[in-house]
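Chain nomenclature is as follows: A, B, C, D and E, assigned in order of appearance, with residue numbering initiated at 1 for each chain independently.
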Amino acid sequence: MDFRFDIVTDYMPFFLRGMGITIGVSLAGVLIGLILGLIIALGKMSSNKWIRLPFNIYINIFRGTPLLVQLLIIHFGIVPMFMSPSNPLVSLVIGLSLNSAAYIAEIFRAGIQSIDKGQMEAARSLGMTRVQAMKLVILPQAVKRVIPPLGNEFIVLLKESSLGSVLAAPELMYWGRAAAGQYIRVWEPYITVALIYLVLTLSLTYLMNYVERRLSTDDQR
Amino acid sequence: MDFRFDIVTDYMPFFLRGMGITIGVSLAGVLIGLILGLIIALGKMSSNKWIRLPFNIYINIFRGTPLLVQLLIIHFGIVPMFMSPSNPLVSLVIGLSLNSAAYIAEIFRAGIQSIDKGQMEAARSLGMTRVQAMKLVILPQAVKRVIPPLGNEFIVLLKESSLGSVLAAPELMYWGRAAAGQYIRVWEPYITVALIYLVLTLSLTYLMNYVERRLSTDDQR
Amino acid sequence: MINVKNLKKSFGNNEVLKDISVDVAPQEVVVVIGPSGSGKSTFIRCLNMLENINGGHVMIDGKDLTDKKTNINEVRTDVGMVFQHFNLFPHKTILENITLAPINVRGMKKAEAEEKARVLLAKVGLAEKASAYPESLSGGQKQRVAIARALAMEPKVMLFDEPTSALDPEMVGEVLEVMKQLARDGMTMIVVTHEMGFAREVGDRVIFMDNGYIVEQNEPKALFDAPQHERTKAFLSKVL
Amino acid sequence: MINVKNLKKSFGNNEVLKDISVDVAPQEVVVVIGPSGSGKSTFIRCLNMLENINGGHVMIDGKDLTDKKTNINEVRTDVGMVFQHFNLFPHKTILENITLAPINVRGMKKAEAEEKARVLLAKVGLAEKASAYPESLSGGQKQRVAIARALAMEPKVMLFDEPTSALDPEMVGEVLEVMKQLARDGMTMIVVTHEMGFAREVGDRVIFMDNGYIVEQNEPKALFDAPQHERTKAFLSKVL
Amino acid sequence: ALLLAACGGGQEESGAGSEDKKVLNVGTEATFAPFEFMDKGEVSGFDVDLLNAAAEEAGYEVDIQNTGWDAMLAGLQSGQLDIGMSGITITDERKETYDFSVPYFESVTMIVYKEGTNIAAAEDLKGKKVGVQNGTTGQFAAESIIGQNNSSISKYETAALMFQALQSGDVEAVVTDIAVALEYEKSNPDAGVKTITDDQFAPEYYGIAFPKGSEYKPEFDEALNTLYENGTYAEIYKKWFEEEPDMETLKQAAQ
């Protein structure tokens, strides 16, 4: 099979611009998801069943349906109520944030619960309130444990942001599809796009491993 | 906005048939992924750097690119070399299997490494070979720990199998798109399809929680 | 100083403390012994409200812990606690471990808290470890820091739950030494321990618990040499 | 029975065993003591090849462990090992824990293995626990099962690495009792322990290790009552 | 100033004499060459040129976005988009949800198959694996022969995927619009495909889609008819298809 490099070169500026947007929306998604996720995690760990309920429902819905459907509903149902004309990039960031918040909440919960119970007890026995103990003792330790799974979630988001092409958000996959449509060829655009994704996720993975190693040597201070 | 229930009723037989296929391909994907994943996990834990290398490459590629691209390459590039005419269901199962194998390998590795080192030492000190110790002592214990993340992987696969619609594999999302194409309406088909996915994943989640509870009480025997 | 009356505590259907009454005078050192599972830890944790109390009353320095109006965080600053597994904060230096609560709970100035912390560290023989992290300390050193951390809140009572059980035998001595000094300085202490030598040397009273009850209590010498109850005898014959 | 000559072992740059030579006669009971980190565990683990040996020779019953031609799994069946943390197989019943290796390594018939396992369980006083799972046992019971499991392979030597350090004090006695019986039955044993009473009572020889060397060895009474080296004296003054 | 602010806010319909033309939002799926496709980042094609001409005639500006098929439909339903133009086939089922302009293109259905496949007429599609693009005239034509939702029909999201499936042997033939088929044959001369048409396929027409009850439909109907009369339509047609349009049939259908 012949591989037409001219297709790749023609579209490279678009692929690169798309890559920038892919990174941008994924980063925005993971950062907003971080804030929402922390709130949801704390809500889900409440001792009150009725406070836990809405957070549980949220997590179940966003983890239980394909992101594609979530994006369509957000872009065409919810965003237009606040914004006209709605912008697919805004919808994509909202969708990725809400979706990742559900996953990040579980990451936070696991991180907090992995901290030895004795830490909370020691803090409380020194007279700290629950909130003080969380803030000064538990969360600073949990943060270290959640960084690796959060990096992972970022990688997941990077790949899933490719669904933004359905909303015509001009990210990497969108330009891959555009190129495929123009030349009615599948190989050149998709292999190029796949390679760009691979470079992105692998660099991130190595960065993550580096951070993880740094964190674990920090632990041995 | 009006909701046309007649579209839903018209297509319900197709949605149900698609749901069956969705479950089938996901199950096949997770089962084949299980076998491949175990092999990859053991390979990746080899003490020989050169044996580890190909397994690491495999895992990086399949975890580092969007499944959509993997499916396109497998269906249009690889399967036609072996099979004519090629069948999108076969490609979908292959794609899901190869993809999930990479994730399942990491699940297995984490499960095996979570077993206390003392177990291996006790087994070896009784004269068991490495293979015997793995088979009789480590794996039976690891299996329990990997069941929850495997259940999770099955749920992920269930949602990701929706990408089979791109290959025209007649699973749930395919029929959602077919209905959307016929009536050129988006809401009715997609909300119905989303609800079916939600029911599937939630039932699985509850089943999983039940199994997990059973396993942890078993531990207290 | 401490007055416990008809204290009851259950976990689900498991009645762990069935009816505990005991008074501890200021400056008294009380040693609690008993078989595993007898409720020693639960008892001592109830004194600090780390466990919810199901019945009876606990008064610390005149404040009733079971009274809803009592500010439990305030009471806790009066009650220092030392755990079997140290529970130092691994992300803080030794100095920060000690100053964290004084600064954040008592609102003490940082400089003042640090100065006090250094005095305490010197007292437990670890002045040079101020800027180390817990990871780099031996078990015995960790436990001495934990004691200093509790003392930094200037508690009126100190509770110890098997402070030496997680230590290598050679490190037991250094921790007991710090505790003995504390006793000599007049601190009111309740100590759960298996170290009978310590009980003999500094204990004013030894309490033997079994199955959620206080079976017997007496001066150390009297209890060890002439136990009255069968269960006390059986237990002592195993551990002495 | 055991001949160790110039044994060396490092972890990376950390030389843990610097030059260990020692011979153990059949039926001899050798107790190894020494401060934490002195290399006691590493030494005993080398005898079973749980650690790779970096230099010197270890002969067990005439077979050289450092010889590439030696089948290490076969040697291991001659050397029973008991760990500080028991390491029972949690997914198997007590009986299965004991029969697993005889059936799979020795190729013994299941019925025969079970019969032998029941005899051993009776010997350690746990006949009625055959079908229980490890989770339901106390620490002392677990350790006794671990001993029975090692004995099921009919080893010629038994190695113990602090078998009672993870136990509540009341359970220490029951495990030591089993070990004493084993010594009386003529088993060759090497025991790392802090239980000086045990060393005195059944030890034929006590080895004091420090910093990767054997500093001093002698009969228990002689070593405890009249240590020759400064380091031995310092250590003994802390733990006795 | 007040009046200007009101106009700028888009509160009022822009009058015929207004300088600022109202901008209409248009959605399309640009994978249907030569009707619409991405040309190095720009949406272009026959539909684009025709719509621009019609909008000019009707006094509007259009902002054409490659929204994708699903998004275009949802956008029309939610009123976010004013116009959908993506080679949309006019069917009775669809008229229940959308308004369509007068037909602007007669779609002749064509079968594309790999050399060596035994296909001489539409009837030969029965029993063969057939690929179509989801929701297009090709799909309806194939289903009229083989049966609706028949399991031997595979519906692809895009034309690119459909042709790729033909190449890889996934399907034995694809049924699609003649223009799309010829464009593929032209740009992939070494693909080894053959094409045939068959009168048995009923004629299908493309229309511009509007939300139900759209005020723009009559204006664009009128504009299209003007373009048919003044020759602009024929000009655009020749640019993309390199032949003369059959104006009679189209005008008839437009009545």
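Here is the rule we use: a contact is a pair of C-beta atoms (placed from the backbone, for glycine too) under 8 Å apart; a residue touches a chain by one contact, two chains touch by 3 or more.
Since this is a predicted model, take the numbers as computed values, not measurements.
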* What chains, if any, are shared contacts of subunit B and subunit D? -> none
* Centre distance in Å when subunit D and subunit E are each reduced to the mean of their C-alpha atoms -> 83
* Report, in whole Å, the distance between the mean C-alpha point of subunit A and the mean C-alpha point of subunit D. => 51
* subunit B and subunit E: spacing of chain centres that average the CA atoms, whole Å -> 38
* In subunit C, residues with contacts to at least two other chains -> none
* Structure fact -> Within subunit A, the set of residues that touch 2 or more other chains is 72, 76, 186
* Structure fact -> Touching two or more other chains in subunit E are residues 70, 74, 77-78, 161, 164
* Structure fact -> In contact, pair by pair, are chains A-B, A-C, A-E, B-D, B-E, C-D
* Given the complex with subunit A, which residues does subunit B contribute to the contact? -> 60-61, 63-70, 72-73, 76-77, 155, 159-160, 162, 173, 186, 190-191, 193-194, 197-198, 201-202, 205
* Contact footprint of subunit E on subunit A as seen in their complex -> 10-11, 14, 72, 75-77, 80, 84-86, 88, 165-168, 174-175, 177-186
* Contact set on subunit C toward subunit A in their complex -> 48, 50, 73-74, 76-77, 79-81, 83, 85, 87-91, 100-101, 104-106, 133, 135-136, 146, 149-150, 153
* Structure fact -> The residues of subunit E that touch subunit B in their complex are 69-70, 73-74, 77-78, 88, 93-94, 96-98, 129, 131, 134-135, 139, 149, 151, 154-157, 161, 164-165, 167-172, 209
* What residues on subunit D touch subunit C, complex-wise? -> 35-36, 138, 168-170, 173, 194, 235, 238-239
